[in-house]
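Labels A, B, C and D are assigned to the chains in the order they are written; within every chain, residues are numbered from 1.
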Amino acid sequence: MEATETAKLEATETARLEAFSDGVFAVAITLLALDLRAPVQKDVLNAHGLAGALAGEWPQYLAYALSFLSILIMWVNHHHLFIVIRRTDHFFLLLNGFLLMVITAIPFATNVLSVYLVGSEKQTAQVMFSGVYLLMAITFNAMWRYASAGKRLLGDRIDVRKVQDITRQFRFGPILYLAAFGLAFASAVASLALCVLLAVFYALPSSITRAMHD
Amino acid sequence: MEATETAKLEATETARLEAFSDGVFAVAITLLALDLRAPVQKDVLNAHGLAGALAGEWPQYLAYALSFLSILIMWVNHHHLFIVIRRTDHFFLLLNGFLLMVITAIPFATNVLSVYLVGSEKQTAQVMFSGVYLLMAITFNAMWRYASAGKRLLGDRIDVRKVQDITRQFRFGPILYLAAFGLAFASAVASLALCVLLAVFYALPSSITRAMHD
Amino acid sequence: MEATETAKLEATETARLEAFSDGVFAVAITLLALDLRAPVQKDVLNAHGLAGALAGEWPQYLAYALSFLSILIMWVNHHHLFIVIRRTDHFFLLLNGFLLMVITAIPFATNVLSVYLVGSEKQTAQVMFSGVYLLMAITFNAMWRYASAGKRLLGDRIDVRKVQDITRQFRFGPILYLAAFGLAFASAVASLALCVLLAVFYALPSSITRAMHD
Amino acid sequence: MEATETAKLEATETARLEAFSDGVFAVAITLLALDLRAPVQKDVLNAHGLAGALAGEWPQYLAYALSFLSILIMWVNHHHLFIVIRRTDHFFLLLNGFLLMVITAIPFATNVLSVYLVGSEKQTAQVMFSGVYLLMAITFNAMWRYASAGKRLLGDRIDVRKVQDITRQFRFGPILYLAAFGLAFASAVASLALCVLLAVFYALPSSITRAMHD
């Protein structure tokens, strides 16, 4: 196979991988909102009116906003990675597939958290919620390590310094989410606060993009 | 990094941003229809038959058509903006992400409106509904202002007059939706009528496109 | 604006229109399957077992298969049209948006039909079902007439004979679906049978594609 | 029609077919997770707590993971096929449409399996589940046979040996899923175990990709 044909073949493969992933990200992020429904419990409505009933759904809004922001950041990261990742292979497709599976599990974890955030079971809900996020951070890291090791799946003209920058940026994700996961066993509220902090922190422009736009 | 490579990199970034946004728009606009279900309330069916029960669901159809048209117009606008916006940066990705979050909240606001449009709680429902639309108009404006300020994210060969035209078109959106939001506190029906008028007005070909096709 | 830039601009506009439409088609066609659920009615399960309960859901399967095939054919047609349609304008975007709104209403009409296909209300359900299909055929025709009139939105190098072939193929759609709609007032079963026949007929390779591949 | 224009036309047709299919794959794979919901049955929660209630939903997780992996593998295969398939015709569009219909039926079959995996009706559920998978394998095979017969829809510069490799890889899919389907009548658990084995086997990098990357 000639070099140019190989290059085109690789471009096609990455393109469909990105398109498929974009589709899953887009559906998962939109499905989060499916849990937001008009309140219909007669007793709550009678006691507090619609405004009160809507306000009483704050755990849903918090969980929704947090999960939306988190999936959005994951998408931004995914998008950034595929600026430097230019090739794909079977194992990488599976890793990416596993990442997508974790992403599609986020609406579930968000649903559990929003139902149980207020009450005695909040700890179990937060253990599960932060566990899914930990899994996401680990999978993302594994993808990057696999793709960048020996420049296995990187483009030919990628700057070594950029690769090191991304590696440095990625180093702490799993550790920080492991901390949030561990903290959930001690305090659900503290663990959730850490998850919020991490989402806001990763949303700040100082993250990966800095290395990208040097 | 060479100029051509930068250009290609930017094209790729905008392409995935548009593809992801298209995905969210497409899912959100289709999910609106999930609320449309066969009526199954035995008492309504016995009293009015299926035709009567379907006709009795008119608030759902009105809210559905209004929200569909509004999301469609947002998509058309998004589409038009990205003819002139050619670059992206981290903050703009977040702004766009926030816009998508507001878009995905529209099915929720539509659901609340369609459930409470008839009855004593219509005012709260319309305050919320018009509030989401106000937020959408503000976010869209912020995106355009951020992208166009100093031609920050515009293509190099964009006509200054076109930018001014778009800016002029966008100026009144937030003010008009603020009026609809304020009106909701006085009269839900008047506020909803204004929302319908605005959607129809923005759907008219005289809007942004005129500037585009000069 | 130079000719090449205009051409590129038009290509971009059609590309996003197609991508967005593909998204809506894909979501709508997949959402059809959301109505297919494990039967959970205890009395049916006790009397007939799971196999009997699943078999008893045949109206759902019929409505699902018919709607899936119909949306698929619409997508194939849409796809074929955009081989010759190369430009877009504001009014055409709205027409296409209205088509998508009708497409997203199909899962609703399908749901109503599958719930009421067996029973005394089947006529109302079929009037609604065939009415949505009639609307779809009319909208599709309007799109083609608007785009092809004076070659308004067609590519520059399109063969006149091809345009005539498509126009001929499209001529009978609205009339045939009008017949199905009218028939629904006389016999729901006959009208539904005609809808099935039309879907199968349009799925046959003799349709538009023949003109395409001459 | 000139050769270059034909080539471009074909590229466009395959591109939209792939984009539409990607959309359906992405929505179907994400909808699988819609069944994963916070447990709300009071008696289960009182007896076992949230952790116990979540753990008790293991049939859902198993069915979810299995179906996710299976749809993912189908997507990878689809993706691989379209590296060599470069043209399309009306019949192939219909075959691909039928494949997508089977794919969208998987969340239904998964839902039935997860509800009835524990209990006396597991056999019926597994007959249905494996039946859908058998249908998927047959359809995929039919697509490949139709496309590759006489190189009907293959690119002009495709290596004959590669075509033979894919044909060899595809030969056993329908037979193995037929075995799983037949086994379901004898033992639901054995049939399900075979389905899991097949999914894991096809996920191994030794499959199609080996032939692809020779």
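By definition in this document, a contact is a pair of C-beta atoms (placed from the backbone, for glycine too) under 8 Å apart; a residue touches a chain by one contact, two chains touch by 3 or more.
It should be emphasised that the depicted structure is a prediction, and the values quoted were computed from it without experimental measurement.
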Fitted rotation between chain A and its twin chain D in degrees, CA, nearest 5: 90
Copies chain B and chain C touch via same or different residues, half shared test: different
Distance from chain B to chain A - Cα centre to Cα centre, in angstrom: 25
Chain A-chain C separation of Cα centroids, rounded to whole Å: 35
Touching two or more other chains - residue numbers and ranges from chain A: 19, 22-23, 26-27, 31, 34
Chain B - residues contacting chain A, complex: 5, 9, 12-13, 16-17, 19-20, 22-24, 26-28, 31, 34, 89-91, 93-94, 97, 100-101, 104-105, 107-108, 111-112, 114-116, 121, 124-125, 128
Sites on chain A touched by chain B in the complex: 18-19, 22-23, 25-27, 29-34, 36-38, 40, 45, 49-51, 54, 65, 68-69, 72, 75-76, 79, 82-83, 157, 203, 205, 207, 209, 213
